[in-house]
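Quick one: this structure, given as structure tokens, is what I'll be asking you about.
A, B, C and D are the chain letters, set down in written order, and residue numbers restart from 1 in every chain.
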Amino acid sequence: MAAGPHHSVHRPVRIAVVGERATSDENRASARAIGAEIGRRGGVLVCGAMGGVMEAAAEGCAAEHGLVVGIVPTADAADANPFVAIPVVTGMGEGRNVIIARTAEAMIAVGGSYGTLSEIALALRAGVPVVGLATWRFEAPAQGSDSVVRASSASEAVDRAWSLALERRSGTI
Amino acid sequence: MAAGPHHSVHRPVRIAVVGERATSDENRASARAIGAEIGRRGGVLVCGAMGGVMEAAAEGCAAEHGLVVGIVPTADAADANPFVAIPVVTGMGEGRNVIIARTAEAMIAVGGSYGTLSEIALALRAGVPVVGLATWRFEAPAQGSDSVVRASSASEAVDRAWSLALERRSGTI
Amino acid sequence: MAAGPHHSVHRPVRIAVVGERATSDENRASARAIGAEIGRRGGVLVCGAMGGVMEAAAEGCAAEHGLVVGIVPTADAADANPFVAIPVVTGMGEGRNVIIARTAEAMIAVGGSYGTLSEIALALRAGVPVVGLATWRFEAPAQGSDSVVRASSASEAVDRAWSLALERRSGTI
Amino acid sequence: MAAGPHHSVHRPVRIAVVGERATSDENRASARAIGAEIGRRGGVLVCGAMGGVMEAAAEGCAAEHGLVVGIVPTADAADANPFVAIPVVTGMGEGRNVIIARTAEAMIAVGGSYGTLSEIALALRAGVPVVGLATWRFEAPAQGSDSVVRASSASEAVDRAWSLALERRSGTI
């Protein structure tokens, strides 16, 4: 039987890890370490559900029994990498990038294809803080340089992203 | 430290519960019972994250410590009802209905507004089985009557949806 | 050289014609006649860009030198039927149905698959009037029967849809 | 009565012009000149339907009697700027950026906010050539610098974009 009235549930911190499918061993190792640390902290890893950085991060998180939510670009949950426990099936191709950006409380970008750049830009557009590891740098005449927080290691990336997510949740930023 | 190589994770059964925001006490009670049963079975409840049927189902599931994924129509996770543990933030309004339909392995519709009807139709279009409780009936000249499986109680609805989801997963249907 | 300051442009009436890909000769003929009448009146035909009813309506409109906007479900404009002058490429599959519904000032549904039903429901949800010709009928316990305006001929369908679109534009409905 | 069988219609070249809402007078003037040139050439201007660069480009195009298609982020066509003749209403917020990118046969970016950067990245991801005027520059470790074609004037931007669109249409690139 159901317990008495419940007024809310705990919402674990949602960190998106984004990056390219075809990536280097180094980026893959970074992504795995980032995913593992998110899992150890009890966070939810949000990713694009495909291979490369997305899969390495998911594998790391799953190995620590963390929950992986994959925002699937195709219309078939079976296309998600095997470490995704909750495939969210959009069938929207790169249209799903905006969902990854909006769902995250902070984003970590590792390496980078143009898809990754779009996710970074959509997150910054939505006011979601972005931490970068070996990823895109960009500047525009009227904007100056970008507002990505640069990290030099997986653990630093998670530290920064986690803090930023908590600050955002509390309304500090 | 992360455990050894992991090759896949368990994917809990994903059941969507859809229905109107402004609903009757009876539909609300049905939705709560449906959500509770999904939670007891270890399923993931997928819903539209708003009020009414969506919230009642989420409350029932959360009360049984089940996981509630809410596909949020607005661009703000804070708009999700308090029983959603994992808000997936789309900012796409009713555009998120197709994501609910595609993410579900089976859908249960309770009562019904036009939004609900769109979710039923999108699920059937995607080959996702739909179980209905006090919901829309529809027919077209060349189609005959609809293929919604009718249930007369919350527990029957979950029984049918769960079986259909497993059959679909195994490729039987 | 550009002319002087312009303060607005004329927005032609946008009528969506929706219906199944695999359809009967009768529905195809109706769709063609509907498209032709929209073209003669100087309206813009909005459709799903694929075959069947969508293509027949587009062909009819193009034959009268009317403008056809096709909301393409795939990621490739080349998939649009040859009567679409302006392909809007979404790559969102059935996710594009909500765009068809929102873009229309009135919708005409001819025949019907589940995709068509979803478009009807999304239009009604968005407050866009729907005229039906040999299409879905539906009812729900608390809703009663549907609010689709039934027509019995192509010309009646356009008459009704056009009037409803103008009423909606003027704020009368 | 409809003319005889039609086998296809002419599809005018679709050029997207993207850029920030709050922009400089210089960018606004560039956008207006770009839109005017697209209109003079008989192209379709695809834009995000809002203000700033989007509106200036639309105004320029409309002044030359060119057709402006606006991909509206809100759920209301009335939110489109007054130079949009065909509002395509998505209700998807920045989710509409991917539709702009996919619909364009070439994109011209003027100035730049993060939303603009996302549109550039989504276009490049989709294989749509991008011409930039006073816009973002970006590079990543494994990617080198970006592949945006830089222009130094409005007319050069349209020249380049138009050529690239035709090359893409003919399969040359």
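By our rule, contacts are C-beta pairs under 8 Å (C-beta built on N, C-alpha and C of every residue); 3 or more make two chains touch, one makes a residue touch a chain.
Here the structure is a predicted model, which means the values were calculated and not measured.
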Distance-maximising chain from chain A - centres being C-alpha averages: C
Centroid spacing, where centroids are CA-atom means, of chain A and chain C in whole angstrom: 38
Chain A-chain D separation of Cα centroids, rounded to whole Å: 29
Centre-to-centre distance between chain B and chain A (centres being mean Cα positions), rounded to whole Å: 25
For chain A, residues contacting two or more additional chains: 75, 90-95, 98-99, 126
Overall pattern in which the protein chains touch one another (line/ring/star/complete/other): complete
Residues on chain A engaged by chain D in the complex (per definition of touch): 23-24, 92-95, 97-99, 111-115, 117-118, 121-122, 124-126, 134-143
Chain B residues touching chain D - in the complex, by the definition given at the top: 75, 90-95
Contacting residues of chain D [partner chain C, same complex]: 2-4, 6-12, 14, 32, 36, 44, 59-60, 62-64, 67-69, 71, 75, 77, 82-92, 98-99, 102-103, 105, 126
